[in-house]
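Heads up, the next two complexes both have subunit A, just with different partners, subunit B and then subunit C.
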Partner chain A sequence: MPFTDILPQLLVNGLIAGAIYALAASGFSLVYYVLKFQYFSQGAIMTIGAYSFFAFFTFLKIGYVAAGILSIIISILAALTINWLVYRPLRKRKATPVILLIASIVLLIFSSSFILSLFGSSAKTIPFANKAYDFGIFTITLLQIWIIASSIILFFVLWFVLKFTRLGKAMRAIADNKDVAQIVGINPEKIYTFTFIIASVLGAVAGVLLGLEQNLYPRMGVLIIVKGFISAVVGGITSVPGSIIGGLTIGIVENIGIWFLPSGYKDVISFTILLVFLLFRPQGIFGKRLRDDS
Partner chain B sequence: MILDYFVSIIIYSLIYILIVTSLNLAYGFTGLVNLGHMAFFGIGAYVSALLTIHGVPWYIAMILAGAIASILGTIMAAITVRLKGDYFQVVTLGLVFMAIAISRNWISLTRGALGLPGVPSIISNKFYYMVFVFVICAVCVFIINLIVKSKTGRIFQAIRDDETAAAILGKNTYFYKVLSILISTFFAGIAGSLFVHYINFVDPTIFDLEFFVLMLSFLIIGGVASIKGTIISVFVLESVYESLRFIQISPEIIGALRVMIFMGMLLVILIIRPKGMFGKVVI
Partner chain C sequence: MVKTDAKLLNTCYFEYYKIINLGVDKMKKSILAVLVISIFLLAACSQQAQDSKEQVQETQGSYKIGVMAPLTGDGAAYGLPIQKAIKIAIDEVNAKGGVNGKKLEPIYEDSKCNPKDGNAAAQKLVSVDNVKVIIGGVCSGETLGASPITEANKVLMISPSATSPDITKAGDFVFRVAPSDAYAGVVASDYAFNELNTRKAAIISENTDYAQGLRRVFSENFVKLGGEIVADETYNPEDTDFRTQVTKVKAAAPNVIYIVPQSPPKGILLIKQIGEAGIKAQLVTAEVLIGRNIVAENGEALEGLIGIEQKFDEKGPKAAALLAKYKQQTNEEAPFPGYMAGAYDIVYLLADGIAKNGYDSEALKNYFYAVADYNGAVGKLTIDQNGDPIMEYSVQQVKNGVVVPAQATPHKTE
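Right after this comes the complex of A and B.
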């Protein structure tokens, strides 16, 4: 089959993968923007969201919507517990960003082992009555339409919250200058809590959609948050809209790339992109120029 | 039987000490948080396995394992040590995923996820192999200790404590950072070789992050920039882990339990004493 004939399908596949990367990236980027550290434990939140959805759906036999809402609540509780037990004590000790990064990776691995000890290492599937729609030049499934639709809705809500609400303004104030924001009466800990809540909603939805589209396995969060991180860097790590564009870019480039390379090399493609960006444009496509103070 | 069991614990512990000490040279002594250290350990394991399977004598394979890990490490460092902020850490973390992808997909060389079985042992008697590993690890750790105490080692530590000051004093900090990774990854490669000739098998799971974070917990709990701390923490934590085996549960759950306990301890240490038990600095 010539490349131009398959291109629309590759673009659609890329867009779907990219939508999930973008969901992962937006939560990561939001926490980086407000709290200034690499929030890899977002991958843990995604895994927890996916597995609690699986547990509610298969064991309690409740519907998709109820299971979805409950898994978002579980994810939020998990993120707030982690913040309360680990990140807040570390912040109080004025831990360096490197320590916070290591703590977030440690939490990511801890959670995958925790999930493994609860659910076992075998892959789990959530049943979903999927059907495919053939548009001639490309095919898309019902679930994939859901993935794209729900990410568009979430990104719109996120943009609205950040841009127009009091909370969004307070978050931007903390991100720009924490000390000044504190002087005008904004409580940073309260804003951090809300940041984790918003990031967890994004993460839980990403985890559930990924779990429906592929399988659930205890380490699912590790690779997906690394892709989220790459997307965030490509888009501009301090820019939430940038990270969404970055996610779509990575998804599309990976899927076009595997037309030329074996599909296992997807990860190599995205890491090469990461390296190129870090070396030549570390601020990403939309990010502000990095300060040299670190 | 029981002797074999202790011998295997000691062999693993010695190899872990070499991994952690080589990582500590970059991480603790130079301040380069190389989260991709285990990629070089895995590369050493693969190189040594492939060469000995194709009939190359083990001593050449072991040196080449160190050399190739070191060459790749130097290339990586030459590109990345200039990155600002915490980007160095994340790019090195990315290397691990690159190593996983390449080892899974370069089927003609690595046999992909099937792995390479039948890696020959250097010494088939386990007790003598333990003595052999002890000698190699002792020599390597001794050399790393000498480097740390030398003038070069003091420059590494000066860069860690204040890079700008080291640069003002006329030290080429870029060169010394790359040098630190060069040495560090060489010993990681040697450790990989010792490891693969003991378990006689290598597959892409050697790059798993679980393995790396266990090494990181030995390093940080024992103490950042403390070789003594590393040795103590490996032996103490390994004994704790091995005693878990007496609980009658499946090995898979024990593996997960080990990671959870070590990660829990590591988080507590990061919060209450980030420099670790015998550590001197906080990275």
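Right after this comes the complex of A and C.
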């Protein structure tokens, strides 16, 4: 089959993978934007969101919507607990971003072991009547349409919140200069809390969709947040909507790339892109060049 | 015993002086800190020396049996049931008074289904626990990772389930009671070519020792028979998105797809994505996905799947007893009955070997090479000159959510 015939399907594959990366990247990027550290624990929040959805849905047998709302609440509580127990004391001690980064990796590994001890190592499937649509040139399932749609909706919602709401303005003020923002009366801790809440909503949605699409296993968050991080860097780590574009870019390039290369090279492709961006455009597609003092 | 303690204390003192000297040379300020640290170190060292003394005394009444299996991660899906089967057998032997009046003492190590952790697990069992015998590894990768260590130390290693063809040549002290995939791949490709009458095959396999071994054998034999491999795709163990591999396979329009995942989660996901892509070709796999609990939980996704596993009579007296005991203790059907039976037999063979020849790896090695027509839970077991078993295969199929024989006459491995 010639490449042009298969291209639509490859683009769709790339969009699906990219949308998942984008969902993972958005929360990561938002926390980086406001709190200025690499928030790898977002992977933990995604895993917690996915597993609590699974638990509510299969054990308590409540519907999709109720399970979804409860899992978002659990994720928010988890993130706020982590912030309260780990990040806030570290911030109070003026910990450097490197310390916060290490803490976030520790939390990520801790969470996957914690989930392992609670749910066991075997993969869990959420029973979900998924319909596949065949459009001739490509096939896509209902869930995959949802995944792509939610990443696009989130792109606009995040952009709108940051640009036009009071909360968004306060977040941008803190991101821009925390001290000046405090002088004009913005309470950073309060804004940090809201940032974690929004990031957790994004994380829970990402985790649930990912769990429905790719099954659940304890290390799911660890694997996906790496791709989320690459997406955030490529899209511009200081630009929250940019991270979503970054995710879609990585997804599409990976999937078209392995049409020509053996499929084992998928990760090589994304890491090569990361390297190229770090060398030649460290601010990413949408990011602003960071000054040394920021 | 006294010797090892002295050696251990010597190394501890050496470390102690090294640290002291370093501290004095470098900075006067840090002397206090170094002293404090070294006191702790010394305390820890003497504690350790004492510990090992106690351990030796305590275990004088037992034979140590190392066990290597993936106890966490995706591989735990077969590692844990096999560990349980070993435990059942050891408990039975010990309940009957053990071997020569001594108990068998298992030491479990998590080898995580990969060569790196397999190597580390073997290293620990050989040099810390001083075992002469290891049951394991469960996966091919961890077994191949461990074999250089066990060979060099002349430690017997017997795997209940590692099937990679490379293990045949892994060493003189390496045995297994599961058949080599050199035959499983041939059986799968013969079945696809002759019984299913397909000529265009695609392969999707995981990048691991086990899966690549099967892939190679299937592909070589299918071409030799006169068939064509129209697509040959792989994925990495961490991957969860196989859509483009599936798209490539779909574009090649095969009649049959040979799927070789290392562990059930990835395999189920792969089959799900194959189904969503609308591919109608017959799916053939090895043994991983037809584990009985896997099929029970994912019957709908796996419907119609053909799998090849070692022939195993679940109704044989020893096998039936083992499976019943497993069900009674865990409340689930035995997921990989053939491998679990193999693990169970290894324990009994070891007990017999130790009783006859003593706890000596050289003597036990000769004992295992001489195993012929042993009536075990796996059936009649004979070990060949490479340390491989001579066994038969059966072709199974998932029908209405249960695993049933797909073919009446099983293939001979030799």
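Following the convention adopted for this analysis, the second predicted complex is superposed on the first by the 292 of 294 C-alpha atoms of A that agree within 3 Å, B and C clash if a C-alpha of one lies under 4 Å from a C-alpha of the other, contacts with A are read in each partner's own complex, and residues count from 1 in each chain.
Rule of thumb we're sticking to: a contact is a pair of C-beta atoms (placed from the backbone, for glycine too) under 8 Å apart; a residue touches a chain by one contact, two chains touch by 3 or more.
Quick caveat, the model's predicted, so the values are computed rather than measured.
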Subunit C versus subunit B on the shared subunit A, clash or fit after superposition: clash
A:Q182 touches, of subunit B and subunit C: first, second, both or neither? neither
First, second, both or neither for A:N255, with subunit B first and subunit C second: second
Partner chain in contact with A:R93 - subunit B first, subunit C second, else both or neither: first
Touched partner set for A:T125, first subunit B, second subunit C, both or neither: second
Contacts of A:P282 with subunit B and subunit C, given as first, second, both or neither: first
Partner chain in contact with A:T165 - subunit B first, subunit C second, else both or neither: neither
Between subunit B and subunit C, more extensive residue contact with subunit A: B
Partner chain(s) touched by A:L116 [first = subunit B, second = subunit C, both, neither]: both
Touched partner set for A:G264, first subunit B, second subunit C, both or neither: both
Partner chain(s) touched by A:V106 [first = subunit B, second = subunit C, both, neither]: first
Identified clashing stretch of subunit C versus subunit B [113-121, 239-247 or 329-337]: 113-121
Overlapping contact positions on subunit A, where the subunit C interface meets the subunit B interface: 116, 120-121, 223, 262, 264, 266-267
Subunit A contact footprint on subunit B (complex, rising order): 33, 35, 79-80, 83-87, 89-91, 93-95, 97-98, 100-102, 104-105, 209-210, 213, 216-217, 220, 252-253, 255-257, 259-260, 263-264, 266-267, 270-271, 274, 282-283
Subunit B partner contacts - residues on subunit A that touch it in the complex: 37-38, 86, 89-90, 93, 95-99, 101-103, 105-110, 112-114, 116-117, 120-121, 222-223, 226, 229-230, 233, 262, 264-268, 271, 274-275, 278-279, 282, 290, 292, 294
Subunit A residues within the subunit C interface of the complex: 1, 5-6, 9-10, 13, 16-17, 20, 116, 120-123, 125, 130, 132, 134, 139, 141, 214-215, 217, 219-220, 223, 254-255, 258-259, 262-264, 266-267
Complex contact set, residues of subunit C against subunit A: 72-74, 76-77, 207, 233-236, 238-241, 243-245, 247-248, 251-252, 264-265, 268-269, 272, 275-278, 297-298, 301
